[in-house]
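Heads up: the structure comes next, in structure tokens.
Letters A, B, C, D, E, F, G and H mark the chains as written, and numbering starts fresh at 1 in each.
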Amino acid sequence: MSKPYSRLDIANAAVLMVDHQAGLLSLVRDFNPDQFKNNVLALADLAAYFKLPTILTTSFEDGPNGPLMPELKEKFPNAPFIPRPGQINAWDNEDFVKAVKATGRKQLIIAGIVTEVCVAFLALSALAEGFEVFVVTDASGTFNEITRDSSWNRMSEAGAQLVTWFAVACELHRDWRRDVEGLGALFAKHIPDYRNLMTSYSAIKAANPLPRSVP
Amino acid sequence: MSKPYSRLDIANAAVLMVDHQAGLLSLVRDFNPDQFKNNVLALADLAAYFKLPTILTTSFEDGPNGPLMPELKEKFPNAPFIPRPGQINAWDNEDFVKAVKATGRKQLIIAGIVTEVCVAFLALSALAEGFEVFVVTDASGTFNEITRDSSWNRMSEAGAQLVTWFAVACELHRDWRRDVEGLGALFAKHIPDYRNLMTSYSAIKAANPLPRSVP
Amino acid sequence: MSKPYSRLDIANAAVLMVDHQAGLLSLVRDFNPDQFKNNVLALADLAAYFKLPTILTTSFEDGPNGPLMPELKEKFPNAPFIPRPGQINAWDNEDFVKAVKATGRKQLIIAGIVTEVCVAFLALSALAEGFEVFVVTDASGTFNEITRDSSWNRMSEAGAQLVTWFAVACELHRDWRRDVEGLGALFAKHIPDYRNLMTSYSAIKAANPLPRSVP
Amino acid sequence: MSKPYSRLDIANAAVLMVDHQAGLLSLVRDFNPDQFKNNVLALADLAAYFKLPTILTTSFEDGPNGPLMPELKEKFPNAPFIPRPGQINAWDNEDFVKAVKATGRKQLIIAGIVTEVCVAFLALSALAEGFEVFVVTDASGTFNEITRDSSWNRMSEAGAQLVTWFAVACELHRDWRRDVEGLGALFAKHIPDYRNLMTSYSAIKAANPLPRSVP
Amino acid sequence: MSKPYSRLDIANAAVLMVDHQAGLLSLVRDFNPDQFKNNVLALADLAAYFKLPTILTTSFEDGPNGPLMPELKEKFPNAPFIPRPGQINAWDNEDFVKAVKATGRKQLIIAGIVTEVCVAFLALSALAEGFEVFVVTDASGTFNEITRDSSWNRMSEAGAQLVTWFAVACELHRDWRRDVEGLGALFAKHIPDYRNLMTSYSAIKAANPLPRSVP
Amino acid sequence: MSKPYSRLDIANAAVLMVDHQAGLLSLVRDFNPDQFKNNVLALADLAAYFKLPTILTTSFEDGPNGPLMPELKEKFPNAPFIPRPGQINAWDNEDFVKAVKATGRKQLIIAGIVTEVCVAFLALSALAEGFEVFVVTDASGTFNEITRDSSWNRMSEAGAQLVTWFAVACELHRDWRRDVEGLGALFAKHIPDYRNLMTSYSAIKAANPLPRSVP
Amino acid sequence: MSKPYSRLDIANAAVLMVDHQAGLLSLVRDFNPDQFKNNVLALADLAAYFKLPTILTTSFEDGPNGPLMPELKEKFPNAPFIPRPGQINAWDNEDFVKAVKATGRKQLIIAGIVTEVCVAFLALSALAEGFEVFVVTDASGTFNEITRDSSWNRMSEAGAQLVTWFAVACELHRDWRRDVEGLGALFAKHIPDYRNLMTSYSAIKAANPLPRSVP
Amino acid sequence: MSKPYSRLDIANAAVLMVDHQAGLLSLVRDFNPDQFKNNVLALADLAAYFKLPTILTTSFEDGPNGPLMPELKEKFPNAPFIPRPGQINAWDNEDFVKAVKATGRKQLIIAGIVTEVCVAFLALSALAEGFEVFVVTDASGTFNEITRDSSWNRMSEAGAQLVTWFAVACELHRDWRRDVEGLGALFAKHIPDYRNLMTSYSAIKAANPLPRSVP
């Protein structure tokens, strides 16, 4: 009856970043801007860190929607980039679907603007085709909380799993020993509280070095 | 297990606007009034824009509930208009059900006042008869958030899909190329942030015209 | 897959009011006190208005939990009143279950304090025995929103329908013509905005009497 | 000790609208967009309705700040319009100050974007030169509530009076009998709840016409 | 430098209730309706309890603003009642000012709808004429919190004291021994939490009567 | 279709407390700190009171995550304590799973930091292995409400029941008569409002002792 | 013009705790209960720590208001304790004023329930008699935020300084070197975040001891 | 009566950054962490950009309070850095006061952690010595909103001006023409919405280059 636990797997996951464009960003009001920008970049950083196949797409870049966030372009210079000529649901764009299928991945990690349209439509379509869908709720933005809550409900009821960038990173990493430095750096960059912990820790440790063994 | 993706289709959808009456509007407190009025009119505008069969109904217009919002009357002069003599659930009104069935549509887009009664009862009854129900959450209002959350839960659990007017418009339109001007005008009218994007875009473009080709 | 629409029926519904006690009321902080008191009394009034079998129960009235709200005692002088000697879940009390079964009703409308315990446990037990359960969310109170949200989720997932006192009244009444005066009075008493509508309506009408027919 | 009551006077007031530009509007997050747009247009409408001298100014219209809201340009085709070439505080712009002084008014009604800069600096400078300053708080927007509260405090402490567009309209009008229709139309256009009251009132009255006198 | 402590005095205070009309009540959105209605009636009850001279006034009762709340009319059948023919600021109405001055009181306790207009204008005018003004913040309502905060600031800066109905009652009463029953009844009627305390207290006491002295 | 009612049973439940570490606590921002600390200690106290098998685990205690809350160490000196060398999901740690299985319990009561990672992963894995999972929502903390809501959705959809520490205590206890003093003490310690009720009750009772029977 | 900086001085300050009674605590709804209880006890602890003269008073302890919080009685067994027989403003009670004057202190640190009555009246009276008044805002509670904001405004305008228990402690202590252990213990007891910092700090330091000097 | 407009002046202002330490940052809960970090770094960047004398100070760096944020150390390698050995109010530290006076500046721009202690005490002391004080409200953090509001009130009443980092930058810069690129870069770095405007602007402009003049 319940959704089975589909666990994110580095070898089976891909990231789809949808319409994180300069103009559309001004529509996002269910996050404060500092927080939302940080979340989007954190998702990008983790996609790169875990070397997940990543696909970028935009809608009407030349019009008022504006260009893709420059940081994303820089982060993924070689990723498939599909500027859609008009399709609102990226799944209606053949090139996009081809790019997704070309990854060979079955777990799609999706984030975008706005949640109830570009994210939800894609999520619903991908679910309908048998993909596992993980919506990154905190890297997806929209007009207000009412809209967000409606669209979360719709996607969840259709079978999507709601996750955050931090949950994605942790579920992919699984064991800190895989790379303590790398994951720590990712967290320190995007979680100020975590960075504070590390700063204090290092300072106290530096002030209290382990005694050298004494002969 | 999950709800399948029922995609809104211009050829298969109808809009039911329930009890958006002047008196009842004073009961709506889960939105600020500017926002709610805008959402209701946006839904009306999209119904007209997509030429969806639209049915209006009211409850006790002659009493304290007050008359239908005048804008709706003007917008849909020829739409079936069913003033219910007493039935709270519009589905209990034969004329209303006949009007719905006369559209031949199977996807019902429903909004109204108040969410947990006139919207929810109708949604639940229509679902029970096999219709697909899309509740426009941001064009449906009620007393407070607690009431809203309860009724969303009840409708969602019964199979309704929760959507917003913007999601409805986008899901129906599917491809901007279908009519860029028309959809853009709809959004500019009802989304101030979108209008700002268009204003800036036009201004910059006007100030930087494409170079005429030089012989 | 979805919950079927179980429609409240005057002939098949009973009301269970659980632990609305003077002491426990001080624990309720997910409503403001004026609003919560009004909601509880509105539920009591509608139970009486629709002549629904109503059962009252309390927990440890003689201790710090305090006595039942006096208004409830006065409202239902002849209703079964089950002071539980210790059982937290009213369904663990044989007398209570007997009283419920004695009503012969299958639709249980439940409200109480606190939501995640006295309401939820009873709801879950009654569902497990095949009753239909309608939780009156706005006449059930608890410590804070986090607690409320958790318990709503638990009850909804177990099959309960979340409703409000106003939805209950409307779903039972079905048609205003059944008794316009009575329902109007109920609403005017418990919904200040509705009363305002009626006050204004009456005043304008009084100032503009229908012309007597002129011979 | 207390600020004396300086009452707004049609013959002595002017309106200064500062930097309501398409780009800057995307920075305003202490209002929802529908509400803020409505407030700004309501202030413009009242300025026109009361025929108050009105001055428009912008900052860097040709750059990212974007052009003035088109509605304002249309509303005040003949008003002094001062695009500032660089001064952040409009009072640092000689043309602007000249335009203000040319009105001969001593009561300055100020609104703009963003509150703590373009509004506050102007308000503080005008106060320092002996003008009476009325800040229209709900037609002035900024990044968040913390910023708003800080800047309100700073302006109030410097002697500004905090008002809203509705208070301004009422204080200028003073007596409904001056023009019932005009003021009513202004309110109906910008206050949905007020419009609802008028719609209901007219409907009930129409349905209950005063009896013609019978011979 | 600071405002001196002007203490409310039964012999020197009067209550002015301004425009608590059925239509205007629908504009009040900075309180939930149950809470606001209770606050207004509590103020009325305390005015009657302390036998304070009370003056009622309305604006345009015959139009959309609607009639005075019926409870107020019933509560003060003999109080001066000044329906203003058009003046927005009640102080502009000679009859109203005469009625105020006829009380001989210097401390004016003011509440009304909406806060930034009918309450604030009256408060500012009365202050300008040397009265002491106490604004009952929780029996005065308006469109939203932004408006409320602006108008509180304006009134406070002009010298008004911000109080609540409960503070007014306590400051007038001064000593419980003056009338324990009466004040207790007032509180129990309008403060559910207080009533709960009294209910529990009485119940426990009744269950544990003081031992009769034993010979 | 609905989740069946799995009732918590003292003989079948175990408590898993995951990563309540001094450093990680600084990440928790969906509760105020006083409230969260109280909730965690309440859960610990109830685990001890009901003598439930309790397992503690931490992640990287020697690094910035910091040591386990000292109160937990003191409370459960003999409980299995599994400092995980790197596994983020405690279920990936063999010792932890062994400890869980060694309890022989099938109902796992889980709380921890942060909700969407250490709690959710463990909950999902345990569900996948057929355990019944009860997530203690108010003793589990994370970065913000958006994250919390996402993770609650994910866990609930996978079959977890969302509960609070108070619901857990009441569901386990079932009948006050099992131990009135003990449960009362637990509540008085962790629910200030409840303690107030008890304080008042005792005081009134002490002042009104039952009359000794008189010969 | 501005209030001069009156700095709290251990030799010149006294603490007045007003009506922190078990029954009245149930009226406090502008704090969550865990937070408020902690704040009150923190104030008590700092009063004891700094050996400030402390005066306790209650209103109608034998009635529904209930007894003083037991922790306060235990903390200050020898402090003047003035149960007021009826005066609402403690300054109207001669014994209380005598007790205050007997301390010889001029800086009064005041906290109590409810803010706008028992705290505000006392603060206003003490200011009127020339005392310096410091209202501990976070150890004073009342019905809701509207009430709180009104009463803060009234007290501040009358010359009171608004402080919190933490600010009071720091302003009295002035220099950590006065007693690092004592102040640290006070903070660790009442600020969970601070305790976490100390726990982590100690743990890291313990794990990394300073190297003993090596011969 | 009102505070005169003291305008920030590049030649007369200095920045004091107080106790922005890694440990203390975990106490800040009146901002979300992304937002607060950004505000603090924005203040640092503007101090550097305008070459304002800047003084750093910390409290107990070697203890749980933790080291200064590393970014601040790097930003101001040559700024006076005063680690206070124990004084809570930086003004009690002679070295700090000397460093302030050595700047020769009279306008002190202050930010720090926590607002009601390290910021407020310093602000109050500096005001008492005749400095002009500008508190940067959004780069100063504390436990919660209640604490923030109290301390803002105290500082404002003592004569401090409440500003934000953005207001400070604009008030110092005065005219965009002074350095369009520099100020724009500062804003783009710290205001995501502003950066979006610039990104879109550049993109549109690039796509629509000014026509070269044609011979």
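The rule is short, and it goes like this: a contact is a pair of C-beta atoms (placed from the backbone, for glycine too) under 8 Å apart; a residue touches a chain by one contact, two chains touch by 3 or more.
Heads up on the chains, UniProt names are A, B, C, D, E, F, G, H = Hydrolase.
These figures come from a predicted structure and were not determined experimentally.
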Equivalent of C-F within the choices F-G, C-G or B-C, defined by over half of its residue contact pairs recurring: B-C
E-G compared against A-G, more contacting pairs: E-G
Gap in Å, rounded to a whole number, between the CA centres of chain E and chain A: 54
Separation of chain B from chain F, taking each centre as the mean of its C-alpha atoms, in whole Å: 44
Chain D-chain H separation of Cα centroids, rounded to whole Å: 31
Of all residues in chain C, the ones touching two or more other chains: 1, 3, 23, 26, 32-33, 64, 66, 191, 193, 196-197, 200-201, 204
For the chain A and chain G complex, residues of the former touching the latter: 197, 200-201, 204-205, 208-212, 214
Residues of chain C that touch chain G when the two form their complex: 26, 29, 32-33, 144
For the chain H and chain G complex, residues of the former touching the latter: 1, 3, 23, 26-27, 59-60, 63-66, 85-89, 92, 114, 116-117, 120-121, 124-125, 127-128, 143, 146-147, 149-151, 153-154, 157-159
Complex interface listing, chain H residues touching chain A: 22-23, 25-26, 32-38, 61-62, 64, 66-67, 69-70, 191-193, 195-197, 199-200, 203-204, 207
Contacting residues of chain E [partner chain G, same complex]: 1-5, 7, 31, 137-138, 152, 156, 161-164, 166-167, 170-171, 173-178, 180, 191, 193-194, 196-198, 200-201
